[in-house]
Each structure stands twice: as C-alpha cells, then as structure tokens.
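In the two complexes that follow, subunit A is the common piece, with subunit B as its partner first and subunit C second.
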Partner chain A sequence: MTDIAIIGGGPAGLSAAINARIRNKTVLLVTNDYKDSYLAKAERVDNYLGLPGLGGQELMEQFRKHAESQGVEEVNKRVISVMPMGESFFLSYESEVAEAKTIILTTGVVPAGKLPGEGEFLGKGVSYCATCDGMLYRGRKVVVVGKSADAVEEANYLHEIGCQVTFVADKEGTRGLAEGVELVTAKRLEIRGDKAAEALIADGREIPADGIFILRQAISPQDIMQGIQVENGSIVTNKRMETSIPGVFAAGDCTGRPYQIAKAVGEGQVAALYAAEYIDKMKKEN
Partner chain B sequence: MTDIAIIGGGPAGLSAAINARIRNKTVLLVTNDYKDSYLAKAERVDNYLGLPGLGGQELMEQFRKHAESQGVEEVNKRVISVMPMGESFFLSYESEVAEAKTIILTTGVVPAGKLPGEGEFLGKGVSYCATCDGMLYRGRKVVVVGKSADAVEEANYLHEIGCQVTFVADKEGTRGLAEGVELVTAKRLEIRGDKAAEALIADGREIPADGIFILRQAISPQDIMQGIQVENGSIVTNKRMETSIPGVFAAGDCTGRPYQIAKAVGEGQVAALYAAEYIDKMKKEN
Partner chain C sequence: MANEKAVHLNEKSFDEVIPQNKVALVDFWASWCGPCRMVGPVIEQLADQYNGKALIGKVNVDEESELAMRYQVMSIPTVILFRNGKEIAREVGVMPKDKYASLLEANL
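The block that comes next holds the complex of A and B.
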C-alpha cells in the first residue's frame, strides 16, 4: 500500500511529494501531463522566492527535476474517484486502482462550472472517462465534449472500439481527430434526458447520444471525493491543510485564492508533513 | 509614508517583500543581520521546491539577491514597537521612527520563554534596546543579558557611554567584550525588584543593577505589537494571514508550525498580496 497518494502534479503536488519523500514515505503521484498546465504556459514568473525570471515551463522543469531527484515517480492518468475504505483509500485512475493510507488533493482550479444537466446525469449516461466507460457504449452514439488536451485521443479511442462519435469543441484543439468522427463547433452546451442522458444541445442543435463524455483538464474535487466540504468552489482546509475527511489533505489552488506558486508550494509542504504525521500516528495505534 | 513595513528578513519577510514590490508597493524591511538567522546556519536544505541541495547560507543569499533585484532595501536594526495611529502605524526601530500603511510581522520563532520578572519590570529597569535606553543609565550599574549575536557590541556601547556593565551569558558568544566589562557565566536567571528592577539573580548570585538589558535574537510579537492575539506563542491568523489587528499581517514561523521555508515563503506571499489589497481599498475609501 502506498503511504501518500497525491492527485495533481503542479507546484503544490510536487512540493508535497518531495516533502513526503524526505519524511521517508512512499508516494504515488497521479497527474495530467505537466505541459498542459497553466503554469507551463506562463511567460515569466518573478515572485517565487529564489528563482526569479524563469518561464513557466522552465520553472516546472526545475520543480520536476527536484522531485525526480527525490525518487518521485508520476503516473500520467486521469483520476476518477477516491473512496474511503476503513483505514485506507481506494483510488481509481482510468482502468487502474491503487490503495493509499492518505490522500493529498492538489487538483488546481476547475475553471468552468458544470454544464446544465451534467450533475443530474453523471453516471447515467454522463461520464468523465472514456477508458473506463467506453466499452459500455460500443456500437452506440456518443458525444465527446472536448475541453482538455487529451480529448481528441479519447474520442479516437471511442471511435476505434466502435462507438459512433461526435466531437464537440469550441474551435481549438481538434487537430488529429480520426476520420469518421463528426466535428461540431459550439459554445453553449446543455445535457437533456429523462432518467438518463439522451442528447447534448449544442448552440441550440440537438445531438442525440446514449453516452456523453465530458473531458476537462481537471475534475472538481467533489466529483473525485464524494462528501468533501467545499465552499465557493474551494476545498475547505484548516492550517494543517486537513480537509473535512480524516486522512485527506488538500493544497494549492484547489483550496482557494491567491492562485500563486509560492502559496501552493507552502501548502503542499504543510499537507505532506501532516499526512506523514497522520500515518505515523496510525502506525502507533495499530 | 511607506506602504508596507516588514519586520523580519527571513524567507517569509523576503517573500513578502518581493511580492509587495511586484504589486508596486513601497517596502521598509527591518531585520537582524541574516547571518545570525537559524536558516543561515542550516547545513543543507532539500525540501524547498526547485532549489535542492543548497546550504542554508547559500539559500539565504539567493533569496536576498532576488529581493535586491526587486528593489528591496533592508535596514539592520532592532524593532522595538509598532503602534497603530489612526489609519497608519508608527514603527520604532532603535532610535528611528517610520510610518507605514500596513505591517507584516515575520519575526520568526522566539526560542525561549521570558525570564522570571522580565514582563513585570519591562519599562521599569528592564529594556530590550541599549541604543534606545542606554543614556538613561549613564554612570550607573547595568546588566546585559546576552542572548543575541550583537549583544557584545551593545554591552561595549553601554560601557563606552559610561555605564558600569556586567555581561551575563551562558558561556558562548563573549568574544570581543571590552576590557572593564565584567563577565558572569550563568544559566538560571531571574529579575528581582520592588517598584522597579533592582537586581539580576544569576545562578543564585545577586547582581545589583539599575538597568537590565535583555538582548535576544527576536522579541516576541506581543512585546512589539501590544494587544495582538497570540495562541501558544504563535500569532493567530486567518487564511489571508490577517492578524487580530486590521492592517497587520503575519507570516512564517511566528504564525506557528511547521517551521519550514516553503511554508514561510508561501505565507509571506499571501500576506503581501492581501496587504496590497488592503492599501488599495483604503485608497478608494479616502
């Protein structure tokens, strides 16, 4: 069993990872490709103490090099859910599952709100993971709402396994779409259905579908971790970066403003140190 | 008037300073010499993300270089007190005074508790500042309790201006003491007096004195800033690093554990950003 599973590999996640390693804990870091992160796209960062004047990508590379030197390995997959199971947690990321003693959420900001109907039909035709649920829709009509860098790849995968795929995007990021995948450009989206999702309404046009895959850069923490306390879209934490669920910590942009590197790095450190303490206490009690 | 006075030039103070400068605020940074800081004495720091494997002094030098590149100037003096004056604050450091719109306390950990009698006789024979109060004791008997790097220098100053000086230390740090200053080595200290301090009891031996100068690396935040809320020796802050006094922020070790660089740097950033916001709001209201 892994000691600490960290979800998100931005500054908060990497800081948590090196601090966990230094406290001699094992770490599973599950994250998107860092090149898709906001920070990697920043032109120049001047307010992270000690490392002025670097571009976002350079800074991320320096952070990652540090993490690698501490033996942190990352897995580039999409985390679907985290479930408490007695004294540990089960983490599912695409088709894999892992068990961890503690969780640190460093999932960043979820930029947009949900689509109308998304929450209502989640698990009833609406899915966040093509790899997980694609097979259920073999030979049927699906829509992929592409809002992340890997959405095209996922749409192609669904096409390959025999779904009839419509890809909906707001113009950009459609390069590489397989032939046979229909492309629809639209901005205002809504999901309609009765007991399950039946169609996506895209700028007023109805696209019937049995499955609707919404692929975003980040999934909101409540969707990953049911029942976690959230206020104004941010995970509620105390000064030890503990969330409302014992054994689950959070750090960085997902805990609220300011959305800044140093704040994220500091919180990541604090989360890791108290997660390590949590594990050590658990060991003593057992 | 300065926008932001920062008290303490460790990682939290320097991070606050660069972030304040980037938000286009003027900064007054008052601090001890960084070579006396705990961090400068650390052999190797491995858990500040992006800068692994540096010695404490190297890391501090890199931090200071960054601050200098942002136009931060520091003043190496001992802050005595901060007083709210309507919509601003008066800061006194040794024989100088400055006015600032906001204060950020980054004073670090105050390692030891007070001496018995210290609180009772503060301002009644007990002083934290030879430069400020020395002249009052010209021609009289004083004791210097030396717990900081500059204590010897201060004792010599008192001797120079004509005090009869006894220097009390627990062995170390007495190099350079002027001839004519009596040296006493003792560990258990206590201040006795009636209406004012009359003597220091050093390991049971009574040393009569009119003035007792206690020179520590750091002064506790309550002594600098009367009425600030403190719990278990740490300044109470919310997530915006606001203290119980409007316009006064705090960051780093003085707000509590963990005593770590990344945590301090993150909090310094947050304090500076909300101090800048506080100033901008004040401007709008006036």
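The block that comes next holds the complex of A and C.
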C-alpha cells in the first residue's frame, strides 16, 4: 500500500510529493501530462520567489526535475474515483486500482460548468470513462467530447473496439484521430434524450449517439470523491489542508483563489506534512 | 477476495434466483473497469453481512451482455436493488458502502 496518493501533478502536487518523500513516505502521483497544465502554458511568470522571468513550461520542468530527484514517480492516467475503505482509500485510474493510506487532492481549477443535460444523463449514456464503459457501446454510435489531451487516444480506443465514433472538439487542430473517426468542430454543446441520452447537439447540429463520453482535463472533486465538502466550486479545507473527509487533504487551485504558484507550493507542503503526521498517528494507534 | 460470498449470476441463474428473493442487490461489473474493482470488495463485505437476509449477486457484463442490455446498464459499476424480482433502485458509479447498505436496510 502507498502512503500518500496525490492526484494532480501541478505545483501543489509536486510540492506535496517532494515534502512527502523528504519525510520518507511512499508516493503515488497520478496526473495528466504536465504539458497540459495551466502553468506549462503560461508565457512568463514574474512573481515566484527566487526564479523571476521564467516561462511556465521552464518552471514546470524545474519543479519536475526536483521531484524526480526525490524519487517521485508519476503515472499519467485519469483518476475516476476515490473511495474510503475504513483505514485506507482505494483509487481507480482507468482500469487500474491502488490503495493508499491518505489522499492529497491537487486537481487544479475546477472545470467550467457541466454541459446542459450532462448531469441528467450521467450513467444513462453520459460517461467520463471510455476504458470502463466503452465495451458496453460496441457496434453503436458514440460521441467523444474532447476537452483533454488524451481524448484523441480514448476516441481511437473506442473506434478500435468497434464503436462508431464522432469526435467533437471546440477548436480546429485536432490531430492523430484514427481513420474512420469523424471530426466535428463545435463550441455550443448540449445533450438531449428521453430516458437515456440520444444525441449531442453541437452548434445546432444533431449528432445521434447512444453513448457520450465527456473527457475533460479534470473531473470535479465531488465527482471523484463522493461527499467531499465543496463551496463555490472549491474544496473546503482548514489551515492544515484537511478536507471534510478524514485522511483526505487538498492543496493548490482546487482549494480556491488566489490561483498562484507560491500559494499552491505552500499548501502542497502543508498538506504533505499533515498527511505524514496522520500516517504516523495511525501507526501508533495500531 | 479469497473467500467470495457474492453469487455470480448468469442469465439462467439470474432468472431463477432473483424473483425468489424478497431483496437482492446485484453488482454489474467487468474486469476491465477500475472502479468496479473498488466496488467488488464492498459487495463481498455486504454478502457477508447480509448472509441469509438478502441475496447479493454479481453479473459480469462482458459474459452476460443479454442481462446488461435487459437492464440497460450503460455505465459500470451499476448496482441494482431488486424486490421480489422487480428493480426498485439503482446506483451508478462508485458509492460508499453505507449507501448500498441503506438501500438494503430500507427494503428488508
């Protein structure tokens, strides 16, 4: 079992990982490709102490190098859910499962609101996990709403297992889709159906589909973790970065404004320290 | 789980057993689905806890696609509660154990 599973590899997640390693805890860092993070896309950052004038990508690379030197290993997968199991937690990322003593959520800014119809049809045609549910749609029409970097891969996977796939992107420039996957560019999306989802309306055009896979950069914390307390889209924490669920900590943009690197790094460290303390206490009690 | 207590159902055994039980909780799952592997141990715990009180079953949607179609399982894990053979509630996605337990409690 891993000591600390960290979900999200931005500055908060990396800072938590480094500090957890320094305290001799094992770490599992599950994250998107760092090149998709908001920071990696920032042109220039001037307010981070001691390292002025660097580009976002350069900063990220330095942070990552530091983490790597501490023995932090990362897995580039999409986390689907986290569940408390008594004295530990189970987390699933695509088709894999891991067990950890504590969780630190560093998932970044919560994505903008859901699509109209998304909540209503979740589990009734709408899915966030192509690996999990793809097989249930073999031989049927599906739409992939591609808002994350790995969406193309997932669309190709669905195509490979025998779904008829339409890929919907919000801007031009999608590359790497398998032959036979239809590409549609549209901005305004809506899901329609009756008892289950029946179609995606993309800029007014109706695309009939039995399955609609919505693949975002990040899944909102409530969707990953049932029952976690959230206010105005941010995870509620105390000064020790503890969330409403014992053993679960949060740090960085997902806990709210300001969305700044220094704040994320600081919170990541605090979360790791108290997560380590939580583990040590648990050990004593047993 | 070394000691599996939940009953693995195929189409035939499902149709025999589910209507005969006042309360049955069935987990629709597949081996390729990570979240299903989290729910699995919870279902086993429930099977232990409700032994003799309710039927706790599992349906592999890969092998029993007919059952998955019949109950319109579109996302897994899906856990369905049956009372005298009729579906009365379902939970889609990973839920804490309490949620499944309270479904059972409310119907026993």
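What we mean here is this: the second predicted complex is superposed on the first by the 284 of 286 C-alpha atoms of A that agree within 3 Å, B and C clash if a C-alpha of one lies under 4 Å from a C-alpha of the other, contacts with A are read in each partner's own complex, and residues count from 1 in each chain.
Basically, contacts are C-beta pairs under 8 Å (C-beta built on N, C-alpha and C of every residue); 3 or more make two chains touch, one makes a residue touch a chain.
From a predicted model like this one, the values you see are computed outputs, not experimental measurements.
In the overlay built on the shared chain, the residue A:Ile191 is in contact with neither subunit B nor subunit C. When the two structures are aligned on the shared chain, A:Pro52 is found in touch with subunit B, with no touch to subunit C. Contacts of A:Ile22 after superposition: subunit B is touched, whereas subunit C is not reached.
By the touch criterion defined above, A:Val265 reaches subunit B but does not reach subunit C.
Contacts of A:Cys163 after superposition on the shared chain: neither subunit B nor subunit C is touched. When both complexes are overlaid on chain A, the residue A:Glu96 reaches subunit C alone and has no touch with subunit B.
In the superposed model, A:Ile4 lies in contact with neither subunit B nor subunit C. Across the two superposed structures, the residue set of subunit A contacted by subunit B and also by subunit C is empty.
Contact residues on subunit B toward subunit A in their complex (touch as defined above): 11, 14-15, 18-19, 22, 46-52, 59, 62-63, 66-67, 69-70, 239, 256, 258, 260, 262-270, 273.
Partner subunit A is touched in their complex by these residues of subunit C: 30, 32-38, 41-42, 61-62, 68, 72-76, 78, 92-96, 99. The touching residues of subunit A, counted against subunit C in their complex, run 80-81, 83-85, 90-97, 122-127, 129, 131-133, 135-136, 196, 210-211, 226-227.
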